[in-house]
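Okay, here's the structure, questions in a sec.
Naming follows writing order (A, B, C, D, E and F), and every chain is counted from residue 1.
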Amino acid sequence: MEKTRYQRGLDIMNEITLTDNKEIGTHMDIVAAFKDLAPDLESYIVEFAFGDIYSREGLTQQQQTMVTIASLVTLGTEPQLELHINVGITIGLTPKEIVGTIVHLIPYTGFPKVLNALKIVKRVFAQRNIKIDDLAMQSN
Amino acid sequence: MEKTRYQRGLDIMNEITLTDNKEIGTHMDIVAAFKDLAPDLESYIVEFAFGDIYSREGLTQQQQTMVTIASLVTLGTEPQLELHINVGITIGLTPKEIVGTIVHLIPYTGFPKVLNALKIVKRVFAQRNIKIDDLAMQSN
Amino acid sequence: MEKTRYQRGLDIMNEITLTDNKEIGTHMDIVAAFKDLAPDLESYIVEFAFGDIYSREGLTQQQQTMVTIASLVTLGTEPQLELHINVGITIGLTPKEIVGTIVHLIPYTGFPKVLNALKIVKRVFAQRNIKIDDLAMQSN
Amino acid sequence: MEKTRYQRGLDIMNEITLTDNKEIGTHMDIVAAFKDLAPDLESYIVEFAFGDIYSREGLTQQQQTMVTIASLVTLGTEPQLELHINVGITIGLTPKEIVGTIVHLIPYTGFPKVLNALKIVKRVFAQRNIKIDDLAMQSN
Amino acid sequence: MEKTRYQRGLDIMNEITLTDNKEIGTHMDIVAAFKDLAPDLESYIVEFAFGDIYSREGLTQQQQTMVTIASLVTLGTEPQLELHINVGITIGLTPKEIVGTIVHLIPYTGFPKVLNALKIVKRVFAQRNIKIDDLAMQSN
Amino acid sequence: MEKTRYQRGLDIMNEITLTDNKEIGTHMDIVAAFKDLAPDLESYIVEFAFGDIYSREGLTQQQQTMVTIASLVTLGTEPQLELHINVGITIGLTPKEIVGTIVHLIPYTGFPKVLNALKIVKRVFAQRNIKIDDLAMQSN
């Protein structure tokens, strides 16, 4: 039996956002936070964003997340950038790919957006225990 | 002997932008167009953008181009988007990956930026003889 | 029997965009234009944008369109602005309300975005035979 | 006798921003904060923004505020968004209209700008004692 | 006798935009174009933008125009950029200062906005008979 | 002997950012903060941004900084705006020129971006002991 849009979206959403660390925000936290204000947001996020868009064929989850991060750096919307850098770690982007995605944007968005994004990367890597020293060594 | 920044940048730039079709714009056309106004633009584009940024390790050329396209869709700067959709085709992104990169951004940038980008994709695919029918069939 | 999301969205979409003038673009033209590239766009536009978002209670169609126009002026995405100025006329916003929505944004977006939007209003009003002289007289 | 631009602007400004709650910021607080840095800002805000733009005929105060909120969500300038959500409550927009204005923008600005705006709505509704439960019930 | 805001604004506006070349757009053309749609735009542009803002002490006309061009490049609003590059020439910015203002923004806005702006500079310099060769020689 | 790009960039960077006040951030702090994450950022900032772009002839340091501030106000990237308002003070822009640059942008970016920028000016002027009262007196 085919999954409903809601179930399909929820499965992907959980797969890419859930971690053992309760301090790391998830998309479900957002849905819960706005349940009173706009109860239909749950359907838009779970069914449309994940059940429709993230369920499309054509891009791997790693590609989807690099593309998402690139757009959020360009928009400059920091809470969502933090969330999707976390997603990147959870689905297996390497630290080098996450940093590389952001640094690659300097010629397109300029330094300010990139530097503000790297500050968030630094905070998330600390929270997720990503060892930056290893990364620096790799870069040399 | 190690290549100079200029030579390293020029090699990458040529590799990802040159095609047999003389009607397709390249980064070198841009450099040439502004040689009188700002002769140092050549160094900024060839040496910095390509010799430094595109020469970084960490992302493949396919990943670099998906990330670039995502940022340009979000910025809405159409001439550069056209150029980098062409780059995408030249370096081997599949039509499905190019379209998929752009459609994936609907939840982040909204429909208007995505629809304006898809119009450019359509024009470039026609110019490059990418058969859209095959793509539609793949999507089913 | 409750309508499907698709039927509900299609009904609203047709109600607010169809006119007797074949030269005026509609959302269905967009769906058709991208059927080959991204056949699922139809579902995102008809079912999500119209079947979900435009079907929400709380705002009248007039309010929805004023809010849409305000956002599109701020984004500066001109093809969509043209489309929704047409929607505004079709669903019964007065010329004064359309112009008033845009002029009200000067303190928030600055003059350039507003002036570029008014150019589009002028073109659409001409195409739809909105008599500007009457409007000017009303303003005095 | 006709009011001066200053008096006309001040009257509108006070009408739409003053509340009994001293903790809620007003446009006059902004004017006062920058009196030393740029004393002429008072004239630009009171006389131009309110005496000219908000004094135009054509939109009701409710329409003006919905349009303002839509533009500020799209710009992502949060202090001004907070101020005008407060204005919305003061001039009689219903909670459903305020939330509806913002949620309606998902297809145009994407989720990030909308979610960041709803966080501010939640904070302002709490400060102004808007009961969210009633709103949730209305939405069902 | 002190000038009225209108007269003060009109004098500055004419001083910085009028040229012998009838093909070059002016702010007065904009005012005229929208006289039917929004007759009060004339007052906002002449009295507020020029009579208030451009009349402030503190910046020279050359500084005002460099600052204006920098903001318009960043916004990407091309018709206004064309207008103010023309203003720059009229009030005596050197070609080197105009090009320098735009090229200086590469680290802040990225290449796409800068390249799109330089295309407009090239067109305006041709229209105004600014000899680019001399400029290139100066740069060496 | 001609300076290297690095030395030339470092000299300019130090000249325009170093102050006696250790609490004021510098570009070197940014370079240091990201040394682990992206060690090549140092070269992009010192060699490209300062060694190439800030080393161009054509604009004075005062003009470069006014143009930079104008772009950052328009982008709304606040940490960089704070940094370059500090640069402005260090290289000798008068308080009136800094405030004047920002207030001049009201017609182009709207009030929200300008007011958010002036809040930062106020904080930086306090930190740098710029006496605002003198400024207000000058403005009258």
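Note that in this section a residue touches a chain if its C-beta (ideal position, glycine included) is under 8 Å from a C-beta of that chain, and two chains touch if they have at least 3 such contacts.
If you're wondering where the values come from, they're calculated on a predicted model, not measured in any experiment.
Using the contact threshold fixed earlier, the set of chains in contact with both chain A and chain F is B, C, D, E.
Two copies of one sequence, chain A and chain E, touch each other mainly through matching residues, since over half of the numbers at the interface are common to both.
Of all chains, the one whose CA centroid is most distant from that of chain B is D. Centre to centre, using the average C-alpha position, chain A and chain C are separated by 32 Å. Taking each chain's centre as the average of its CA atoms, chain A and chain B sit 24 Å apart. Shared interface positions of chain B, defined as residues touching 2 or more other chains, are 40, 44, 48-49, 53, 56, 72, 75-76, 80, 99, 103, 105-112, 139. Arrangement of the chains shown, judged by which pairs touch: all-to-all, with no pair of chains left without contact. Within the complex, the chain F residues that touch chain C are 105-112. Per the touch definition, chain F reaches chain D in the complex via residues 76, 99, 103, 106, 110-113, 115-116, 118-119, 121-122, 125, 132-133, 135-136, 139-140.
Of all residues in chain E, those touching chain C in their complex are 30, 33-41, 44-45, 49, 72, 75-77, 79-80.
Interface residues of chain D facing chain C in the complex, by the touch rule stated above, are 48-49, 53-54, 56-59, 63-64, 66-68, 70-75, 80, 94, 96-97, 99-101, 103-109, 139.
Within the complex formed with chain A, the chain C residues making contact are 40, 43-44, 48, 52-53, 56.
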